[in-house]
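Please read the structure below before turning to the comments.
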Amino acid sequence: MSLLEIEKLTVDIGGTPILKGIDLSIAAGETVGLVGESGSGKSMTALTVMRLLPHRARASGRVIFDGIDILAATEERMCELRGDDIGMVFQEPMTALNPVKTIGEQVAEGIRWHTGAGRAEAEERARRILDRVGLPEAKFPLSRYPHELSGGQRQRVVIAIACALKPKLLIADEPTTALDVVLQKQILDLLRDLVQENRMGLLLISHDLAVVTDMSDRVTIMRHGEVMEEGETARTLSGQVHPYTRQLAEASMHVPARTIPRVYDRQAPLLEVNNVVREYPGRRVSLLRKGTPTRAVDDVSFTIHPGQSTALVGRSGCGKSTLARMILALDRPTAGSIRLSGEELTTKDEAALKPLRRNMQVVFQDPYGSFDPRHRVERLVAEPLHLLDRRIGVAERREMVAAALHEVGLSSRDMDKYPHEFSGGQRQRISIARAIITRPKLVVADEPVSALDVSIRAQILDLFADLNQRLGVAYLFITHDLTVARAITDDVLVMHDGRIVERGRTADVLDDPQSDAAKDLVAAAPDLHRAIARRLREQG
Amino acid sequence: MTAYLLKRLLIGAATMVVASLVVFAVLEILPGDPAQLMLGMNATPDALAALREQMGLNQPLLFRYLDWVGGLLTLDLGRSYTYSVPVRDLVAERLVVSLPLAIIALFLSTAIALPVGIFAAARRGRAGDAVSMGAAQLGVAIPNFWFALLLIYTFAVWLRLVPAGGFPGWGGGVWPALKALILPAVALALPQAAILARVTRSALIEVLGEDYIRTARAKGMPRRYVLWRHALRNAMIPVLTILGLQFAFLLAGTIIIENVFYLPGLGRLVFQAITQRDLIVVESVVMLLVAAVIVVNFLVDLSYALVDPRLRIRT
Amino acid sequence: MSDAATTSTETAAGFVAKAFSSRSFVIGFAITAVVALMALVSFFWVPYDVTVLPVADRMKPPSATHLLGTDHFGRDILSMIMVGSRNSIAVALVAVGIGMGLGVPLGCWAAARGGWVDEVLMRFNDLVFAFPALLSAIMITAIFGPGAINAIIAIGIFNVPVFARVARAGALALWPREFILAARAAGKGPALITVEHILPNIASALLVQGTIQFALGVLAEAGLSYVGLGAQPPMPSWGRMLFDAQTRMMVAPYLAIFPGMAIVATVLGLNLLGDGLSDVLDPKLRRQR
């Protein structure tokens, strides 16, 4: 008999259908991956099993866990199940822990509640499980507060809470989406080991096909609240019988068509970064003593030639975004020089920067936060026209905006809409239109596709590649995702702890990394090809 | 932690110094000649000269300011011009009315507001929430002195349970004195309680929407347990902030309420002083009240550190 | 998802439709409109002239001729309340104007400039918070004597740090947002960004705070006139009417009831309006309900 059996599960929130007849089953000790793009209803399925749905949600159908009818169980019965027989790990580790309670309290609390153990015994068990998830007491005593831990460490605490009582079923809802690839691999390895050790069933929810393929025995693919396809992982993904499965798989492995990279070295460099350092003052040790400053960027030098597409890859917190801001003259380096077309950026005041800014624009990660919600598209896209020396008339402005929108595959009719009327992918197109309206020579893109669903991501990457070819824009592409770097850049810089530790042709570095940092990144990067191949190999 | 507290302490002290400058500037420099202002236009030159001498107006400004601050620090507040007694004695005698009144009112408003706010948050969207928050909405809108009038009419005039005003003093026993303070304290506390209840509710509801509440629920903790053990402490931070701000309003409120109930407190004193143009009394009482607000806000900062470990930075 | 909710209030029609679906807003708007109308009408017409003192009609209980009765000078209470509303509204409105006019630029400046400017302005805020309106009014009155201007200045001063704080908090949350970075990359300076991006995005928070401070201003003005630090006779004011009523409460409780109810209704209306506005304008707050 299955551990979890979901049949014809339907959920609606305030009359809006969210899930439309979901079927899903998990056997004891089995790992099932639940894949789908945002809004497909993956998380709602998980929350239904926990009976933690939002207030106005109504669920019908059958959810049987270990012989218990979840939808009909009393709240008391659910409290007994939650945390004891079913554990759950959430996406956002930074906010998942109570900031005013120690990690020891938070882990021991559930143990005491469910087992009736005394304080000392519960703490002993908390200590053991924290040690098991990689937080040994010597370095991470129970008295630590969440704010004293990093994101990866916090996620380990959340996993410790979920697994403290060796539940029969563990639900992990995008457990690594907020983490960089290296941490992602560590957390996934930890989950895999814990599941095997304790013979737990695992429902792994992810938007990342490669992650799910790597981890799960069976997959369920969801879209718009319905199950598209379900089956054994290797067969489902190698066969790709269902058109949506094929579409997802192709999008995850998509590489935009680009011509062979040109040779740039004969041209004068567009961007020269020389020995750039950025320090932040350390936290004051006391009123009289300043702390030692931290170096976010440490002696970085590189050049980008016109039309060259360069990736800057590294783990989160390695200093890549700080570096990007200095290049965009939004922040000033502590030491070093940055030149654009031979002109020094770091010493100029805002007025003198104006002509230079025309030649460098930016695309950000979050397609929702990139626009003032109170302005129309025309005004948003036209914003950099402020950098032109001459005044632009209304008609000319509209013309230029229309041209830029056309360039990114949007219609000039979109000009009079507000950003909230667009989807994430369309917004990212608007963001790119804004970046290219002044015909800059350099576009800095800070994780421009990480917030997008895979199918949209593929389209935006195509757009970036196309603009690079047609307009000759040089890119500095900041990413922690190696597939993105591989898809769209000629050269790569690997950054670690504020330093550039490796550089070279993208393909060369990613195929044969030399530095430890690059090796870690490459080893940790999820890869759908490899994952499917491994699955097939294991099954013989 | 010590660095945080030391910083707050320094800020509090600096605020106090600037506040004293403001009070001094408004009451001693702005009028030009305070003695003239106090005595009026028909004052004899002799009386003016005598008062100038008494107030030290012939001294240079800086000296006068330092002398005044020195007096404040040593509790030598000068002599009241109208009462011809040391202001310190006058203030001490009035403080035994005002201070208990403020404390009872603060206690009362917190004791009412927190349970109501928690109750409403726990029953969000249901009838209990709607009724208590409707009452709170009304409570916020009621001016405390009008509420005081209604209380007097109901409990003193109509039911004759308590005196309508006046204060027997603590000499005649604690009970009669307390009895005279009950209505004023209720009048002060209720509108404040309404505000605090609303803040408590919305702070709690905001916290209850946080991710870590879901984590606690996923751990198997029942809703009620999560509310008390996880949400409440996090919700205390905004509640404490408002509590600190409210103290200032409460002090201002006592001044008005004392006038409604004819209580011989600081409020009455300061009004008599205004009508008699007794600037010496006015500046002392104002400074005292300002200092009280600053001290309470320092205490609030201190309690933040107790509630929120993020402020207790390990060094 | 939440973005759609924020921004469907962009268009005026969308805003009105949304606003009138909020019960708080509708009730608050209705009450406030009635009070405002009453004040407006009082300029052209009142049941009885409040500047004449028909002592023969003194202390008449409510009746068909005097709906709410008459006071100890024989003045009609309804007319007094109508004329008094002007004073309450004017004082509170000007005080909000002072608070916004000074507080919002200060708060925006502090947020844009950061560093010591921010620190100094915040300490200044702490300082002003230590002087509740009543204390300022006491000091001003001690020097210049009582009057309605005192109330305006005292309440206005106290409003400054409130608006500075709201503006600063809103602006600080916006400055690190990506659309502000994009504006900086487009070469726009702090002043231009504040005008183009910050102010429109904090306007709703300021509007909500404005109605709250307006309500508090009405309360504070009533308190100040009650203790004689606000409007002076013969100018009718709600607080003063209550003071006059106090000694006559045994004989004529209606003298205290009606002006008090006028205050409660006005403040309640404004607070409900503020609640309704924040429901409509701030989806984050609405989600909590």
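Here the chain labels run A, B and C in written order, and each chain numbers its own residues starting at 1.
Here, a residue touches a chain if its C-beta (ideal position, glycine included) is under 8 Å from a C-beta of that chain, and two chains touch if they have at least 3 such contacts.
On a predicted model such as this, the values are computed, not experimentally measured, just so you know.
Asks: Hey, how would you classify the chain contact layout here, line, ring, star, complete or other?
Replies: The chain contacts form a complete graph, every chain touching every other.
Asks: Please indicate which chain is farthest from chain A, where distance is taken between mean Cα coordinates of the chains.
Replies: For chain A, the chain whose C-alpha mean is farthest off is B.
Asks: Determine which of the two chain pairs, A-C or B-C, is joined by the larger number of C-beta pairs in contact.
Replies: Result: the pair with more contacts is B-C.
Asks: Can you check how far apart chain A and chain B are, centre to centre, with Cα atoms defining each centre and the answer in Å?
Replies: So the centroids are 50 Å from each other.
Asks: Rounded to the nearest whole Å, what is the centre-to-centre distance of chain A and chain C, using the mean of the C-alpha atoms as each centre?
Replies: Taking the average C-alpha coordinate of chain A and of chain C, the gap between them is 46 Å.
Asks: Where the CA atoms of chain B average out and where those of chain C average out, how many Å apart are those spots?
Replies: That gives a centre separation of 22 Å.
Asks: When you check chain B against every other chain, which residues touch at least two of them?
Replies: Correct list: 125.
Asks: Across the complex, what residues on chain C touch chain A?
Replies: Touch residues, chain C against chain A: 3-4, 6-8, 10, 177-179, 181-189, 196-197, 200-201.
Asks: Quick one: which bits of chain C touch chain B in the complex? Just the residue numbers, please.
Replies: Touching chain B: residues 123, 126-127, 129-135, 138-143, 215, 219, 222-223, 226-228, 239, 242, 245-246, 249-250, 253, 256, 260, 263-265, 267-268, 271-272, 275, 285, 287-289 of chain C.
Asks: For the complex, which residues does chain B have touching chain C?
Replies: Chain B reaches chain C through residues 11, 14-15, 18-19, 22-23, 26-27, 30-31, 37, 124-125, 137-138, 140-146, 149-150, 152-153, 157, 202, 205-206, 209, 245, 248-249, 251-252, 255-256, 259-260, 270-271, 273-274, 277, 279, 282, 286, 289-290, 293-294, 297.
Asks: Give the list of chain A residues in touch with chain C in this complex.
Replies: Per the stated touch rule, the residues are 325, 328, 330, 350, 353-354, 357, 360-362, 364-366, 368-374, 383-384, 386-387, 418-420, 431, 434.
Asks: Touching residues of chain A toward chain B in the complex: what are they?
Replies: Per the touch definition, chain A meets chain B at residues 50, 52, 55, 75-76, 79-84, 87-88, 90, 92, 95-102, 106, 109-110, 113-114, 145, 147-148, 158, 161-162, 283-287.
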